[in-house]
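Two complexes are shown next, each including chain A; its partner changes from chain B in the first to chain C in the second.
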Partner chain A sequence: MTNWGMVFDLRRCIGCNACAIACKQENTLPSGVFFTKTLTFTSGEYPNVKKLYVPTICNHCEDPPCERVCPTGATYMRPDGIVMVEAQDCIGCGTCIVACPYDTRTILDEHHLQDGLFGQGHITPFEMQGYVRFTKGTTVKCTFCHERVDAGQDPACVATCPTEARIFGDIDDPNSAPSRLIRERNGRQPLPEKNTSPKVYYVD
Partner chain B sequence: MNLQAPVQNSMKPGRWINSTCKMCLHSCNTRVHITDDGIINKIEGNPTSPSNVGRLCPKGNAAIMRHYDPNRFKTPLRRTNPEKGPGVDPKWEPIGWDEAFDLVAKELKKSISEDPRKMLPAINDFQKIFLWAWPACFGNANYFSSVGNFCGGGYHPMNGFVHSTFAAANDPKYCNFWINNGGGDGFSSHLHVTAQAYAVANARIERGMKVVVVEPRMSIGAAKADQWMPIRPATDRQFALSMCAVLVEERLYDVAFLKKDTNAPYLVGPDGYFCRNAEGKIWVWDTKSNQARLWDDPAIGDFALEGTYEVDGVTCRPAFQVFADILKDCSPEAMEKITTVPAANLRRMARDFARAAQIGSTIEIEGRRLPLRPAAYNYYRGAQGHKYSAMANQSFKLVNFLVGNIDAPGGHVGGTLDDQQVDRGHIEPGENGMIKTMPHQLHPEVPFSFPPNETHLMGFFPIGVDPGHLTQEVLGNPEKYGLDYRPDVMLLCHTNPLWNLPGDRERWFEVMRSMRFIVAVDIIPNDTNAWADVILPSHDLLESWNMTMIEPPNTEGPCLRQPATPPLYDTRSEEEIFYELSERMGVLEIWNDIQNFVLGLTAKPELMLERGKKYTDREIAERKGLLWNGKPMDWYIEHGHAVTPRRPDKWYRPWEGMRLHFYIEDIVRVRDELKQKMEDAQVPFRHEWEWLDYQPLPIPVLDPVHLEPAAFDLYAITFKDIQINFGESLTNPWINDIVWKDPVHTAFLINAAVGRDRGLVDGDFVKVESPYGSVFGRVALSQEIHPDTIAVSNALTRIATQHTGVRHGGGNFNDLLPANLRNTDACSGQPETVGRVRMSKLDILPANIQANPLFASKEA
Partner chain C sequence: MPPLNIGFVADDFRVGYRRQQTWSWSMAAAFFCGEVGAGLFFVAEFTGLRFGLLVGLLMVAVGKASGHLLHLGRPAHAWRAIRKVRSSWISRGLLAIIIFTGSGLVVVGDAFLPGLVPPAIPAIAKAVAGMAALVIMVYQGMAMSHSPSIAFWSNGLMPVTSFTYALLGGVSLAMVLGWDTVSPARMEMLQAFALGLVLLGFVVVVSMVHAAKYGVHGGRKSVERLLSGDLRVLFLLLVLVVGFAMTGLLLVFGPDRQVFIVAAAVTELSGYFTFRILMFKAGSYDPVVGSARHARR
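The block that comes next holds the complex of A and B.
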């Protein structure tokens, strides 16, 4: 069975956040809601300065703490490793948000769906066709664009990345692009000490 | 919720069409998804494009939010509020198109029939660049906007001198050592940013291409670079000259290239002109026979690059020697005092660069043996946007000349704006074995006139790009400049001069107030069209037809824009708008003549627009496609574009057998001709004209910004990044959402140590003041910035009433800049883009300042 994962190439990433907006397009995310975002870290003192752009996303952990703590089973893992939230079962308790060490989940408040991207309650036709997927008061997160993946496509963020800094594929297949990168460039998982076994890796 | 129905937008039932992005001026190929309900819900890169290969930048990804922006102009509008000013509500009332056309045509015609010069046009749609020519129907060459302040006043003419092209970029296909000076090519801005970022990332990762970035602020490029070399603002030319000095001093230059492919061996006399015989042929010095010979004499044994000689009693030097003599004053040690770049670092980098250039190496491409020069110096607005811009641009080019990489694989390669026809070349032979210089890349030369016909004195810039900012100077002092008319109507089209022009906003507001009538063709409200009397709303990028090729760095071929939906509102295409105005103003025939010329349709008479006929945007787009490759619109609709990798014969050394202009004699000639014209016309300001600006080779003289009073102890720069690359971005909620999460866009950046010395902490509220104007904002102490610099994100300096996203900043950065002759490059028209400033902490809290048109009190 496929086991989907992603590698971020930190040498390639230019921190442009095209991924974040492609995700907003694909998933009709309200203002302030991100399924992926890029963090910046600066170290050193002028003029010896290093700046790093670090993309972040739900890590679709092998052992997801969000799933463990979910009281209703709304958070579950698909057989292909994608961690999902079933909105109908989510009671919006927020336990998963506390449990996730990666800050990748959001509870949709009423204002998210009512304010509109342009504010003042103006809801565009784009939002109207997209917000129907959401239930206020439930948790949302990255799904690795599960519908695109089921159709044999890359997630939207991967497809649009101008520098090909996001590499998606089956990390159980040793010949897949992400597996090769992990092996050849010593891929590292985020916060390994949290024992979540992320399926997202970073290479630099 | 129906669990079976897809929730992801691209997976919903619908159809895809191929189109082209217009979120910046370039033309990435897209595919647009429209649901069965007719809603555009996803835009992606077109994977068939060899340019952006299915990818899009953040702006391209945000185009849907432009389309569905509720603030769009929805019908023609007429102003009912006679009061005008920043933040003043125009109190629009909808009117019908016929009424609007009649009204606009009547008002424009009234002024134009009195004097065709009385219209100030600002037509700035780069993807429909033929529209820029509309005022030519009336013989009007005014231009109320800035090119140099946000683009390249000196950049484009210099590319025309050197490559006969509009643009130029390093070649990522073979480059192994990429210098970026004050430009974001390959990382965050300029030519087809997505395409170039992809190509450069591949070169960096797959080939280990080394990147050195030279700039005052650590941009995205600097963050990704192997080496960031911070530099004091407005000293880029001195930096490049010091690099040249090392290359020449240590003989790290391509002798064969300079002798065979350039005019570097041509002998230059003391008057700055080449030494010619009676027939006008240029002398060189033959070191084998130790005598002067004509440049094409087959008996020449070897060309002298160095030395001083005497020919016909005239002392002369090869152009190369002239440059070498200039460079004696440009040692890294001497230039370090100006640039602050440590001489040892500069020398090391210059040597590494020369080594990487592999001078002498060759490569075979498609059966052609070509020099391989995989090291190149790229630069753009930040490096070239200074008073002595022509010289700055040439100094960067000369680094490339010295290593022989001009138009070579891996080197610094010219990029055409629009080839129009697939087999049209851009090189023409000039005199004495040299290529013909093509400094006029945007429009033909505007003839000299005095009294001046143009409010921005375009006739005084025979090899420049429109210095639109000088309109402030001229209209503020009409007697001094001999202006014998006063413009009183303004035509705006996809433009925002009140944002982009340097100089005092209040004086620009005076210019706006002096207009009897203003019409704007646009999509959304902005700082400038808020002053209009009539708005003519145009379709947006998802509702209209177009065919365009805009200076792609690595590819060629036109890109189709086609409507994804019928227009959401009662809007029209720009083509229709200008046709309707042309018809009502009696210039329909000449407008088609002009378009035939500008679009290049004269090359295929069967495609020419017929006189007196009106054409739709689709019909004009189809003609451009046919002109390129003979393919009809159906073919383009299916493919979306005719983009291919740029063919090596057009890209690499298309001038083979001719010589490039290492030394630009044309600049000297143009100076002297202009001098004569100004003398003949007794132009009263001829003695204060900046004659020093015309140099055939760059010299290390300081830009005047360095000579401002010492009390102004910092240099203010403004910057963009990929999220706000090129035009308007921040009214887009998705762009807004990512920009305000990036700390470089939320406060004025100052060096952390400098800030601490001045007792500042993050979040302090400061006033930044130049001799010309001021802005307000919070400061952030940063390690990512040169100690002499204060860096102001373009996101922070807008007129607040139009841009509610602006966070507790105030004013417009361009207020800090002088819009005068002293700070304008007389050669290229480029204004200085660095401000000399002082900074003072303000005790008042931003929250306690009442929001006004120039200040937003909104907290982060």
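The block that comes next holds the complex of A and C.
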């Protein structure tokens, strides 16, 4: 069985956040809601300053605490390892947000769906057609663009990345691109001390 | 482990520690009402305090439930929270609240209208309600410590603080409500118990902060905020001085005066509510920068 995962190549990421824009467009995400972000980290002191870009996303953990703590079973894992939220079952308690060490979930409040991307409460036709999929008061998160993946495509952020810093594939297949990268370049999981076994790895 | 020299960031595109903002006032109020209400009911069962049973039941069934419903994104679907008893402390808590409310109603009914039902039923209901109250006193701490995300909460002492505060709040309110009805000998026992719980609570809270201060970085960041940051005054003054020191002094120096007992309950509960709020406010998520080798240099 496929076990979807992702690798971020920190050497290649240039911090353009095209992934974040593609994700917002693909999922019609309201203002202030992001499923993926490329964070900036500056270290050192002048003149030896280094800037690092750290892409973040839901890690679709093997042992997801969000799934464990969810009191309704709204958060569940598909057989292919993608962690999903069933909006009809979600009651918006936020326990999953509190339990996720990676802070990659958001509760959709009323203002998210009413403010509009351009503010002043004006909802564009693009937003109108996209917001239909959302339920007010429920949690939303990255699904690895499951509809695209089911259709044999890469997630939107992966397809868009101009430097191919995001590599998506079956991490249980030793010959897949992410598996090879993890093996050859000593891929590391984010916050391994949290014991969630993320399926997203970083290589540098 | 992420570096300690990184600061807090708001919800922006920088690497840093992030503040927990999902659980706030309404959840704190729910936790407060649940723990104090269950504690009061539990103490009232042993002291035979009828009004304690009633107030405790109302605090849980009305106060706690209202706090949770205010917090939920979809309150009309709250009943669904009982589905995952196998793994979720929230589900287990809800089950305990339902059992507590049902059996508590029988106990309160029997206390105010004795003889309404066969005597065996209230006796069983009393035992069931007492056990459910114990679960309510502890489960919120379990729910917080169960989650690995917020280092400050992920601490074995969190359920102990919940239990201690719940029992202390229950004893404090029982002394106020039972001033005229509870026998002097039993009141003296309650006062001694309250004083012991004040000392225990102080030790447990200080130990929890101490463990976090010398633990992982996320916990240290939270302690920084509590001891020397923006939450310092509230924590030191309200939680430690008012909540424990003043309560203890009032119990020691005014055990035979009602006004002192009422004041002790007010200071204790103020300290406890502040503690609940601060636990939520001080919680922080670790930055993911620890994953990147460059960042360690």
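Couple of notes before you dig in:
The rule we apply is simple: the second predicted complex is superposed on the first by the 204 of 204 C-alpha atoms of A that agree within 3 Å, B and C clash if a C-alpha of one lies under 4 Å from a C-alpha of the other, contacts with A are read in each partner's own complex, and residues count from 1 in each chain.
In this text, contacts are C-beta pairs under 8 Å (C-beta built on N, C-alpha and C of every residue); 3 or more make two chains touch, one makes a residue touch a chain.
Since this is a predicted model, take the numbers as computed values, not measurements.
Shared-chain residue A:N17: touches chain B and chain C both. In the superposition on chain A, A:E26 makes contact with chain B only, while chain C stays out of contact range.
In the superposition on chain A, A:Y202 makes contact with chain C only, not with chain B. Within the superposed three-chain model, A:T40 lies in touch with chain B and with chain C [touch as defined at top]. When the shared chain is aligned, chain C comes close enough to touch A:G137, but chain B does not.
Applying the stated contact rule after C-alpha superposition, one finds that A:V54 touches chain C and leaves chain B untouched.
In the superposition on chain A, the residues of chain A contacted by chain B and by chain C overlap at 17, 32, 37, 40, 44, 50, 52, 135.
Residues 1-2, 6, 11, 13-15, 18, 20, 22-23, 68, 71-75, 77-78, 80-84, 87-91, 94, 143, 146-150, 216, 283, 285-286, 288-295, 297 of chain C touch chain A in their complex. The touching residues of chain A, when paired with chain B in their complex, are 9, 11-12, 14-18, 20-22, 24-28, 31-32, 34, 37, 40, 42, 44-47, 49-53, 87-88, 117-119, 122, 124-126, 128-130, 132-133, 135, 145-148, 151, 153, 156, 159-165. Within the complex, the chain A residues that touch chain C are 10, 17, 32, 37-41, 43-44, 50, 52, 54, 56, 65, 68-74, 89-95, 97-103, 107-109, 135-139, 188-191, 193-196, 202, 204. Partner chain A is touched in their complex by these residues of chain B: 1, 6-12, 35, 37, 39-45, 52, 54-58, 60-62, 64-65, 68-71, 187-188, 193-194, 197-198, 201-202, 204-205, 218, 220, 222-224, 228, 230, 721-723, 733-738, 741-743, 751-753, 782-787.
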